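In what follows, a single structure is set out as structure tokens and then discussed.
Going by the order they are written in, the chains are A, B, C, D, E and F; count residues from 1 in each one.
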Amino acid sequence: MFLRIDRLQIELPQPKEADPNAAAAVQELLGGRFGEMSTLMNYMYQSFNFRGREKLRPYYELIANIATEELGHIELVSASVNMLLNGPRTSETRAADPVSAPLESAKDVRNTHHFIATAQTTLVGNSMGQPWRGDYVFASGNLILDLLHNFFLECGARTQKLRVYEMTRNPAAREMLGYLFVRGGVHALAYAKALETLTGVDVKKMLPIPKIENSVFPEARKFEQQGVHRKLYRFSPEDYREIGKIWNGPSPAGDGDLEVVDGPPAGGRLPDLAEIPAEFAPEYHPAEIYEIAQKLTARAR
Amino acid sequence: MFLRIDRLQIELPQPKEADPNAAAAVQELLGGRFGEMSTLMNYMYQSFNFRGREKLRPYYELIANIATEELGHIELVSASVNMLLNGPRTSETRAADPVSAPLESAKDVRNTHHFIATAQTTLVGNSMGQPWRGDYVFASGNLILDLLHNFFLECGARTQKLRVYEMTRNPAAREMLGYLFVRGGVHALAYAKALETLTGVDVKKMLPIPKIENSVFPEARKFEQQGVHRKLYRFSPEDYREIGKIWNGPSPAGDGDLEVVDGPPAGGRLPDLAEIPAEFAPEYHPAEIYEIAQKLTARAR
Amino acid sequence: MFLRIDRLQIELPQPKEADPNAAAAVQELLGGRFGEMSTLMNYMYQSFNFRGREKLRPYYELIANIATEELGHIELVSASVNMLLNGPRTSETRAADPVSAPLESAKDVRNTHHFIATAQTTLVGNSMGQPWRGDYVFASGNLILDLLHNFFLECGARTQKLRVYEMTRNPAAREMLGYLFVRGGVHALAYAKALETLTGVDVKKMLPIPKIENSVFPEARKFEQQGVHRKLYRFSPEDYREIGKIWNGPSPAGDGDLEVVDGPPAGGRLPDLAEIPAEFAPEYHPAEIYEIAQKLTARAR
Amino acid sequence: MFLRIDRLQIELPQPKEADPNAAAAVQELLGGRFGEMSTLMNYMYQSFNFRGREKLRPYYELIANIATEELGHIELVSASVNMLLNGPRTSETRAADPVSAPLESAKDVRNTHHFIATAQTTLVGNSMGQPWRGDYVFASGNLILDLLHNFFLECGARTQKLRVYEMTRNPAAREMLGYLFVRGGVHALAYAKALETLTGVDVKKMLPIPKIENSVFPEARKFEQQGVHRKLYRFSPEDYREIGKIWNGPSPAGDGDLEVVDGPPAGGRLPDLAEIPAEFAPEYHPAEIYEIAQKLTARAR
Amino acid sequence: MFLRIDRLQIELPQPKEADPNAAAAVQELLGGRFGEMSTLMNYMYQSFNFRGREKLRPYYELIANIATEELGHIELVSASVNMLLNGPRTSETRAADPVSAPLESAKDVRNTHHFIATAQTTLVGNSMGQPWRGDYVFASGNLILDLLHNFFLECGARTQKLRVYEMTRNPAAREMLGYLFVRGGVHALAYAKALETLTGVDVKKMLPIPKIENSVFPEARKFEQQGVHRKLYRFSPEDYREIGKIWNGPSPAGDGDLEVVDGPPAGGRLPDLAEIPAEFAPEYHPAEIYEIAQKLTARAR
Amino acid sequence: MFLRIDRLQIELPQPKEADPNAAAAVQELLGGRFGEMSTLMNYMYQSFNFRGREKLRPYYELIANIATEELGHIELVSASVNMLLNGPRTSETRAADPVSAPLESAKDVRNTHHFIATAQTTLVGNSMGQPWRGDYVFASGNLILDLLHNFFLECGARTQKLRVYEMTRNPAAREMLGYLFVRGGVHALAYAKALETLTGVDVKKMLPIPKIENSVFPEARKFEQQGVHRKLYRFSPEDYREIGKIWNGPSPAGDGDLEVVDGPPAGGRLPDLAEIPAEFAPEYHPAEIYEIAQKLTARAR
């Protein structure tokens, strides 16, 4: 079972401007083969399908706990895509005249489904508009192979994130990316350490892949300075207390010890998505539907 | 952000026997168009993409909260599939001789990926072995349309669950189904009530679709007798306190009032999945890897 | 069995200009999940698969008859896409020199298949160039659920049509859209009324979804003024005489009674698609092939 | 535009028995790459997208008219699949007890979607349960290439039909197959003749592919004895009067002249699909819904 | 078994400029339904699956040998795509600062996977970014039908190549196209001749489809002047000596005799792909990895 | 460019019996995500897309050379599937009567396309009948990441091969598997060694994954006794002479030194696939087509 906290793992800054093609590119990091839907679902199903859970508890808990963090990552990347699609939009009191073709510019964007299907919000697909697929999930049941896969997956995901970073300067994307560079680094290291215990191979020595430090990126450096790269959050009220058996020892960066943090990060506010009458979202005359909700709220008191 | 509790929403009984084709059929309820991956991801992305959240808070919270419950549903259906694939298996102390073709019977099962890819555990696909797809998610941004969709989705999901119930007597499947008949009924009613507030149409009067009561099924009746059909659990430590503005009033069954329960259900133990050396899961000689884990645990103390 | 009349349901005006990206966007309404291929095939297969046809004849006939109208809709949307792709093109007496790169501009359009595969005509796919899929068809066999689905499908289709309307001012698109707003409204109302007879729920009161009247759009208003929104055409020489048992009573718009029209609308001329030598369609030297056809015609007389 | 006649092109005999795996195999001929959905949609979109229609009218009309016949073929194959799925089923007055697992045998069939999704009726997919796809449509705009494609498509379709014939003896399948062997032969010959007029190549001399005569099959021989192999039906009240410019001359079988028949064949009755309460189709208690329909009918008189 | 020669079938000229959208268009000729992956894999699997190889040896060898030539075609088209993506790029001694968004322009290209996934190199997909699929392969086992298919496939492939030629003037694309026009012509003629021996139909008389001669194109004319259109290369050290039983007689162009050339063409140098530090390919600091390779080479001596 | 030698890498023994479901399972190793199509195409496109080829020549050649060996692997697995589908079939002098339903048993096999589409031969798909997809190819351009991927891919492929070995005792499958266990081991080791040179990490120490030695399997042991596990064949007449800079040193098995073999293995005869008149392959009356081929051969002499 899961609980939800209505906050993002970090707060995202206002976008500089709406940039639908940047949003389309960032979709790769959500719904692509190496996107957050993939990391989430790989670890989630590996945790559902884990054999020998009691005897291999630290490994099970590591995977199950990281899966839970990844739920917050699909939320965070979705928020970033939404901000890129909407820009610094404010509330619209009046509906646009649809006859004036208020969505005309959308005809030339790369991902028309953002405008026709989801009213300028996230899709569960990649940067080419192709849907995420359940067969992106790898869960062989062989623990070493699954950990090797996860290590590779994190490195592949990092590579693609680095490239998307280079494709847009929009802060609503880059802040998310900086944070995920750091958290992805934690996950890659965690899987490397787990793999090392089982094989004796010093896998973590391969990191980072590609060979560029997170500290090159101001948005990541900031989080490293807060020690975020040394922390594994325990995303459970009571469980996953054995993850520290794998996540411990000195940080490879030589700046302190790895630590398990008891509970989620403080997080930040969810971004607000204003109404867009031209998209009929939440309705063509939003005021009417807002009034109904207000009455509902009043009545319920 | 999300937290995880290492328990199923209910405890599942031992399967009568391994039944790979029953497992393959139950996959429809996980990874099919009307499976739990779909209900989960539809509501999840609708919550990420919700416009006018502050002004429409009860609606937002209803969707966001049900999405969180659905995370527990993919976990529950996965557990059921796993139990059907494994049967009342016990720990195997010795590896089978692979030359003796220990997986020979798997050649004729309907879903060979269960044996070749996942070591007899769940796949993220449907009863035909086709992967779940991100374009099963509908999130139009128009609140009325999204609620209508969700109401239809729950009815479609119920229809398919009813049919799968009729395809297997295995208790590891039917217990899960009985519980989900009831929880799906809660969700259908919740969306119907939300839709009614916005349109004035008494949508809930259509229920149940199909016209067969949950109480026909012993595994569902049991949960109704506990009042589970009247409860909307609040799956959050602090948030979603306004769902009661929609979820209130008399139960349509006439047996009491709808109520919001503060927190998740008590839940039950996760099933154990024993090692299968013939599948190399978690390894061919599981004892070796268990020993490593034990040392790890000892050292960490 | 089916018969064909070589006319469009309405005549489309000359396009203002060729607009390949508008054509690409309009494809959503043909081959997308909510496009005319979907409405057509959903109703068509529901009619093929209908259980209890004799005892539920009005319901069967309603679905079977609307399916037949939808055949004309894939034809109409295809014609609109073709006109957008071709613009006000006239006959080309001479072949372009292919070495001069006469298709150079096509390199940057959103849907290159329009130029590489179909010689600037319609594809059976959506606005992202993804093919229509047979699993978009929902035919559960449960009559109430199928009608609920159809009602939802029409509302979803309307939402996407409204958004595409806002993306282009080209009259070759908007005339088609105006007509389909009205016909889609007829279908949504018909399914609502059918559903009401079976459940007692006043489903039609939800309409329109989204909450914007067709009369806002000049191209739809024109058809409403002709009463097209009150008419259900009987698309059969002899059959489907019981559709009036569902399609009757006052129009929700309060402007007269719903009526069954005996036979198809008068319709309009099919648009002409001129040869494009640069696309080798119908050939690189069209004159040669025209001459063969002329001889054939002469000889046959 | 299209009209519909509520009859099959031929009447199908009672099935000997229900045979879900035969039904699954026959699906290839409906929704496979070489199935009737493909022939239908290839010709339909080629007719929508035809360039130079006026100057190439006999070719246009040939394709447009055959497309219309193919609509009746998806109907006919669907009817055959439905009969194989249902067998000689009769009306069920009482609902089965769902707790007794009335669909237990469905767990082991090849296509579980027939039981979970469509209540034992046709799917828009192939013999492996994969959906038909819009990119099976080939419409290059080059008339010679399109005709060559169509000729190849008919030969490929025939090959697969021959093989499916060899896979089942069920008369509900074989009668359909015998008829379609003959009608497919007509279409292959028609495209060969069209191609010959444009290229001078005696394409029809390749036929039949594979080299086995239709007359080997009793169910086809019967139709040949009625001359069905020499007839091209004109599926339109008024149009397509120039198809005879291509479809004329002696039959290759040497048994008479090719002829255009003015109008569709007489056809046969649609099969009845009885209710299946265990599938909730049309409902769990069909009598209730039948009663509503009866009242509707009575009231409307 | 296969051997590889590290040369392209022809040498490609320097591109005029990088042109990512031209590269995206050319992908159709690699990974589209009518691309080189399709011709390759169709013939390859037809050769693997050939029935009666000894008795039908010339036919088998023709297909097996052409399949081998096609391996060089996927290599050649890939090289062309790579050159279009990279332009006249030279070695980059220093890594770009990733914070300066060196890939910003990639945000607006048609195929973002070229930049996010493959570091500006070829994908195994079509011009819409959709993956090549194994079900594009047709291998019916009926020899006449397979040859008819192959003849059609070559004509379809030619049509699409002609159109892509018209979409770009970049010499790195057109040189490849000119060569493949000629080689595709050889393959179409070879299959036509094979088909003629089996059916007596003068299939080759249909060529060229479309009706435009290769000699119209300067890049093809050059190869025709070298007689490349009359040559079938024998791509094997020892085998396929019977292909000359089909490939013989006068060239349809009337300019000499068809001939089998013993061995592959001389070919040309592979293009060099320089490092792109901004893509981390082969690494962010290429010099470091080059140094390791150099030591490796030195040590091994 | 490539050359072809008309031999398998090893000779396969006669199958014990036809076993269509074993054939269907073995398809996973050809067209599944971890099948030979994937290893082939991953390495092939990585070689096409390699950056810095001159400076990183040993790495380039390693990948390019292994890609070439993999061409022989798709051939070998296809041969195995074909033998499983056909069993110890001998020549059929007379055509079966198709009316007697000679393919009736095919109705119940797992992969009906083997019988309807390919006349009992290989498909380019996996064990669920799903097509291989071009997006299974990973070619990031980052050399370390690509090598890490390839190492993981080989380990994943081995795991699935081991499981399929356990699913069938048919020697036509097991001989192929034994050989590929050994060759896959060579490739995994080669990528591990390459990775070690670049990262300093002793990756090969992880092998074998899963932890079961090849020598457990009699069919693999045989090849190890011949030293096949120490040999890297150079699959080129002249090129790839630097692979020995990576492939050298002692065998991890401690039984000698790794060696580069100059040229391909001796290989074995291709299996013969007899005609099946019931499948019309190569034709319904094979004798007729054989006679034509004989005349062709005679004439050509």
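The rule is simple: contacts are C-beta pairs under 8 Å (C-beta built on N, C-alpha and C of every residue); 3 or more make two chains touch, one makes a residue touch a chain.
Predicted, not measured: the structure shown is a model, and the values here were computed from it.
Set side by side, A-B and B-C show the greater C-beta contact count at A-B. Homomeric contact subunit B/subunit F: same residue numbering on both sides for under half of the interface positions. Within the list B-C, A-C or A-B, A-E finds its counterpart interface, over half of the contact pairs alike by residue number, in A-C. If each chain is reduced to the centroid of its CA atoms, subunit E and subunit F end up 23 Å from each other. Subunit C and subunit F, compared by their mean Cα positions, are separated by 48 Å. Spacing of subunit C relative to subunit E, judged by their CA centroids, is 40 angstrom. Among the residues of subunit B, those touching two or more other chains are numbered 110, 117, 130, 135, 140, 142, 144, 159, 210-211, 279-280, 283.
In this structure, the chains touch in the following pairs: A-B, A-C, A-E, A-F, B-C, B-D, B-F, C-D, C-E, D-E, D-F, E-F.
The residues of subunit F lying in touch with subunit E in their complex are 1-9, 31, 37, 41, 44-45, 48-59, 64-65, 67-68, 71-72, 74-75, 78-79, 82, 117-125, 131-137, 139-144, 197-198, 235-240, 242, 244-246, 248, 264-265, 267, 270, 272-276, 279-283, 286, 289-290, 292-294, 296-297, 299-300.
Across the complex, subunit D meets subunit B through its residues 98-99, 101-104, 106-108, 110-113, 115-117, 129-130, 278-280, 283-285, 288. Listed in rising order, the residues of subunit F touching subunit B in the complex are 19, 21-22, 24-25, 28, 32, 110, 127-128, 130, 159-160, 162-169, 210-212, 216-218. Every residue of subunit A that touches subunit F in the complex is listed here, in rising order: 33, 135, 138, 140, 142, 144-145, 148-149, 152, 155-156, 159, 195, 199-203, 205-206, 209-211.
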